[in-house]
Amino acid sequence: MSVLAGKELRIVGFLCNWCSYGGADTAGTARAVQPTDLRIIRVPCSGRVNPLFVLKALMNGADGVLVSGCHPRDCHYSSGNFYARRRLELLKQFLPVIGIDPERFEYTWVSASEGQRWKDVVTNFTARIHALGPAPRWEDVPARYDMPVELLESLRPLGCGEHPALPELKQAIKDALAQGLEGVLGWKKGFDAIHAEPVFMTTPEEVDSLIWGPFNVQNLAVFLPQYKGRKIGVVVKGCDSKGVVELLSEGLISRDEVQIFGMGCNGTVNLSRILAKLPEGAAIESCACRGNKITVTAGGQTIEMTMAEVAQDKCRLCTKPNAVISDAFAGTPTTEPEAPQDGRLPGLRFLDSLSLEERMGFWKGQMERCIACHACRGACPMCVCRDHCVSDSRDPEWVTQEDTVQQKLFFQLIHAQHLAGRCTGCTECERACPMDIPVFALKQQFGRTIQKIFSYGAGLDVNATPPLLTYQVEETTIKERDLA
Amino acid sequence: MKIGVFVCHCGSNIEATVDTAAVARIALTYPDVVFAEDTMYTCSEPGQENIVQAIKKHGLDGVVVASCSPRMHEPTFRRTVERAGLNRYMFEMANIREHVSWIGRDREANTNKAAELVRLAVEKLRRDAPLYAKQFDVTKRVLVIGGGVAGIQAALDAADAGIGVVMVERESTIGGKMAKLDKTFPTIDCSSCVLAPKMVDVAQNPNITLYAHSEVESISGFVGNFTVKIRRRATYVDWDKCTGCGTCTEKCPTKNVPDAFNENISTCRAINIPFPQAIPKKATINPDYCRKIKEGKCGVCAKVCPTGAIVYDMADEIVEEKVGAVIAATGYDLMDWTVLKEYGGGTYPDVITSLQYERMMSASGPTAGHIHRPSDGMEPRNIVFIQCVGSRDCSIGRPYCSGFCCMYTAKQAIMTKDHLPDAEAYVFYMDIRAPGKMYDEFTRRAQEEYGVQYVRGRVSAIQPTVRPDGKVGYIVRGADTLLGKQVEVDADMVVLAVGVEGSHGAGHLAEILRISYDHFGFFMESHVKLRPVETNTAGVYLAGVCQGAKDIPASVAQGSAAAAKVMALFSKPKLENDPQISLVDIKRCVGCGKCIKVCPYQAIEEVDVRGAKKAHVIETVCQGCGLCTATCPQGAIQVAHFTDNQILAEVNALCQC
Amino acid sequence: MNTIRLDKARDPAFKRQVEKESGQNLSLCYQCGNCTAGCPGAQVYDRQVSQIMRAVQLGLKEEALKNRSLWLCLSCSTCSARCPNDIDVAAVMETLRMMARREGWVQDRPIESFWKAFLDTVKYTGRSYELGVMADYMARTLRGWGNLEIAPMALRKNKMPFVPSVIHGREEVARIFKRYAEKRS
Amino acid sequence: MKYAYYPGCSGHGTSVEYEASTRAVCNALNMDLVEIEDWNCCGSTPAHSVSHELSAALSARNLLQAAKTGADCVISPCPSCSSNLKMARWRMQNAEFKAKTDELLDAPTPANADGGADLMETYSVLQAIVENVGVDAIARRVTYPLEGLKVVTYYGCLLSRPAKVAQFDDPENPVSLDNVMKALGAEVLPFALKTECCGAAMGIPDVNIPGSLSGRILDTARAVGAEAVITACPLCHMNLDLRQRQAARISGKAFFGLPVFYYTQMIAYAFGLSREAMRLDKLAVNPYPLLDKIAARREARMAEALKTAGAAS
């Protein structure tokens, strides 16, 4: 639909039926003249406003989006706006990472009696959007294809040698199987020397195939929900264990149905980094690991590399190398480093260094490369919707099957939004991406905001309530925003 | 789907700034729209009939009306489409009056905007499904909050209709502000003679349960089924035993307690019954002053009480009541006029409020009806009344007229002349607002019969001075704008007609009741003209000044009106829910329980469906807020008529690039 | 008094001009008279502040500008402090005074002369000089004799030095006045 | 804190005693004052009555001179001067007004980030004493308390008005002077005319205006039992003190005989500063009988205290 050329910008408002919609009526009844740009969508409650609606509007070309609800403590449904406040504040702080000016989105509170306030809100917000001008359009922004290349310094020494406690771990698993555990998820050697693959160990022989080392990259927590109702075990690295904790805290698996086997982790590799050092397309013949050195023979060449060169980014800043929860822990725990000042991985560091428009261009370039295989989703232990992912559904139909940058990015936004407050930072989404798109940056943007506002990190406490499923009547860390 | 669109002119309300014919033409280009036209008054009988005929003639499956706010006429048009055989929920509205024609002057922009809003409504309607209401039981009892004249009237009317009433009053007696008044305008009736019999009726009516000295702590539930927690504040007297004999008060040695009932112009004892006609007539100890409670010494009242009713270690008690409806009648308080330093800010003893003056004139008041000024007991000769103190004053954030001050000021001036025939009464006013029956005549009588001197102008300042005889005087400096002169009166006493605001704590109560309130603590009615005693929360009604300044007859009328609304609500054997509620798609639900966690009404329960955990909505409990829908990652729980797909369709209609 | 034909006499542009120059919304005034009530000059005014405000509201330019009150205003701001509608009435009075000067409708020459005398002293010396101002003023207007009543005491207490203080930057100050005069003409 | 000091023209004429006592008191309170070099008249009421730009230009020159001192802010004892300096800075925050005013100056004023003029802030000396030094510090320094002296404080129009520019004390019921006087041991009587206008400079063209207005202030002060009036403004002081006889005559009252002090003179007295720090000789209404009374009360109290102490030991 056409916006009156030159006169109006496209501003979408989501107003709760009881307070703000009434406030807009009161303003109308008082003939309080306002700019004509705003289009109001009536919703029952500001708590009904899924932040994805706002993202949808902004992705599809809205120049500004306004959400308005009842004043805190005066919600018609008693607490809807409290949830809305958390979700919308988080959204506002998320927007810059995809190159959208957060000033284009605002949320506020207007009661049904506040006609004058509503007029001020509309007038001020419209003036703000006009000052910002039309939103940059995805088709106009130049795509860029440069990638973060930074190699972060590791917080602790990473290693790849034989783990001395592996026999102890195997014995613990064998004992557990003997006591009636149906099977235990672990890793075994894969199709070549640098690939590991998951194994569901049910016999002592299978347990003997268990390996532990830099190639055990998969987060096995991803398989746990599908074993629901069966008593099984899982072998975890520190990062994997956080996923288990989060699944437990959300009630998606039961504590009495899962046994957790842990061992100190010394880091895992980013396979793309190894492959990049090898002759293109060469088959891997052998691999030897000692200390922090990996020696790979491929295509007749023997190439030596260090963990410092090929380790996964997350391992470099890892502060939880040991399982945060376990029933059996083999060997001595790895020393845990202090949390770094700056926990950003290269993806987010790179995005932070770009201007808003450059960030848009970045995602445009990356999403052009995206093949929509959804491997990111498959690898994510917290993606529990499985067959019911909204990206595959027509009711609701959040994304179409259209192969456009916006649709593909919107899937990533859904994923990131669904993980807000739940993502444990295992970066499996990014690892699994065949195109090496740094999609974890979107989740980390949410994660750091949640850490900042709610001092909350997911996957650390089984009894914690994720911040988006609760609220405080007075939010001391959320600045009251006032448009009037 | 076949959709019909009706674009209303609303006379010239919409047509003046929106080209409704053009909107109708554009609407015809929208998907599924097979019929569109502009009509003069869609809500009028011919307008509605027109819709009915169009549905029949064109076989419409759904209707969009573009007119006023759905908060106004959505129920009207739902009935209209139902008359034509459609499901009442196959209807949507586009608000092109309050949100378009009344707020924008640019006809082109308005027309475009109106057409877009119609588009939103069409897109929403295309995804609507017929809905059917469910019935649920209703608790036929009503909670009345506040025992002033409005609350009393509401309680008595409801009780007379056989409805159980729970009345909660913050003070230790009912009666409210009216009980403090000496006389009432325009008849100069004795206030307590009119009110006291009604108060007695409240006490004696078997259908009424009265909790005095109590406050509403919390309310949960919804229309028909509220659960109320009431805090019975400790009185330190067992009211079942107290006979109201007054011996305790007589013997209490603590005599310096500010007497709140007498607006603090006098003192009372630490154990007290506010006034002779109090209901309930029971004593209450003020723990801030009681020596026994504060210091552990004394205990005189316990010694003299003939029934042994004194309980020094009494604690607050929480009681729970179940009701189906609530009437808020919490009245008002005077605004804090001490911000007005030019009137002394409360430091001049002989500058008092009209309510204090009322107590002074009352025969049951502290001076037994004799007018003596507080500072030295002198009988005043010159009394100045200042109107609009804290009313119509934007500089202190009080833009509104308090409504009844003009009338009671006239009454008090007349009463002054009655009490002190030789005294002079001056009234400084800006405008006299006397629109009620016999009201203007009354203010005229004050001037014509009683010789009250009215002066048109505000008072700039009150300046105390010491007269040659050593007595304090108050130079009241104002203007006579009719004369165009500055004028002064050397007054003995000044009475301020202080403006009103919502009762202290009204905002907090509004939050408990989930109703809107304004900046001044007044509760917001559902529609300013047509639904004056209803609120936007079903089952919660308003009576009296809590909704806005009004005098006694209007408060009484509203009390009866609120009671009538409750009777109508309770007249049905069962209530019907609004079926625009959430529904779980069992196939999509993974049983994660996030919806259960956030639901404000505990309306979602966990059920076992063939061994799998699933969410299930209790239909009569769900209020349709949609918080669950926004929470569920899979989109497995959808609130009807505000589904993800409907809102997405609206967003997509607006933003397509 | 002549009847005012409002349809002819009203000058809405005048009201707008006053509003623009004073930054005040005159429509907010509801004529409560509080400005008049608190005005220390009310007793000597020939037209009360509230009446002047009314004249501006109606757009009656002469009524608003041709009066002595504008010149007797003490700029004490009591009217502004007590206005229930938060109108800066003193700013309106000051605006009207400037407009009256522009129109050549000064109704109180002596007071204007006092200002001129005062400002001339500042212009020539950089500072004000009470005795000089007084003498200049009395010479210009042949008025102000009432002040002679306090002169002996002032002189006895040596409160009025006979020599003005002159600042180094007096030419700089004079240039301010010169530019101001050029801009006005 | 370092203050750029603006004495104002009357400090060299009618209010030499204010000027002397202000400097002495600031010195006693360890306030670092640097007089603005070659300051000019702020233009007073005549300038802003004639043109806001002219008034602002005269003030702006002073504020630019003040900036050269490297002080934190400007202070002035005279409410009219400080009001003008404050108002100039306030008006010149508006870029358009700044541009118009700059046209009158030799060189334009420096601009701040918002396009307004970057000028130093001005406070009255009273505000600086009350807010930066504090009345507690004054109370601690008192050696000769004003034993039972009953005073009314008279602020005049401009100390706290217009509120949006003055940003000091309550516009209707200011209390800063009251607190200072209480710290000195005086009893401050309730006085409704604290901010009523005294007639300002209208005495020059028409003595009847300040005559009647000041007459009323003095009459009420006497009626409530004041022994003295305390003021902070040279113009007010002139109308209440120098014109006191005239005021009595014009308002048809008997001569009030009420001494009118600058608050700084009272501080100087209570601190026991030198005669030159008070310049009581400059007052028109004879203050000495009253001061003798205070001294007598003090001596009586001391004697009483000694007696009690003796009896106790």
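Think of it as A, B, C and D in the order they're written, each chain with its own count starting at 1.
As a convention for this text, contacts are C-beta pairs under 8 Å (C-beta built on N, C-alpha and C of every residue); 3 or more make two chains touch, one makes a residue touch a chain.
Please read these numbers as outputs of a predicted model, since none were measured by experiment.
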Of B-D and B-C, whichever chain pair has more C-beta contact pairs: B-C
Chain at the geometric heart of the assembly (C-alpha centres): B
Chain at maximum distance from chain A, centres defined as averaged CA atoms: C
Length of the line joining the C-alpha centres of chain B and chain C, rounded to whole Å: 50
Centre distance in Å when chain A and chain D are each reduced to the mean of their C-alpha atoms: 65
Centroid distance [mean C-alpha coordinates] between chain C and chain A, Å: 69
Residue list for chain A, restricted to those that touch at least two other chains: none
Multi-chain contact sites of chain D, meaning residues that touch two or more partners: 172
Residues of chain C engaged with two or more neighbouring chains: 43, 78
Full enumeration of touching chain pairs: A-B, B-C, B-D, C-D
Of all residues in chain B, those that touch chain A in their complex: 69-72, 95, 97-100, 102-106, 108-110, 112-113, 116-117, 119-120, 510-511, 514, 516-519, 524, 528, 536-537, 580, 587-588, 590, 592-594, 597-598, 600-601, 611, 623-627, 629-631, 633-636, 638-639, 642-645, 647-648, 650-657
Chain C residues within the chain B interface of the complex: 28, 30-39, 42-43, 47-48, 50-51, 78, 82-86
Touching residues on chain D, where the partner in the complex is chain C: 9-10, 12-16, 38-41, 43-51, 53-54, 57-58, 61, 65, 103-106, 157-158, 161-163, 171-172, 195-197, 199-209, 212-213, 242-243, 245-246, 281-284
Interface residues, chain D side, partner chain B - complex: 170, 172-173, 190, 192-193, 220, 223-225
List of chain B residues in touch with chain D within their complex: 340-342, 344-345, 347, 461-467
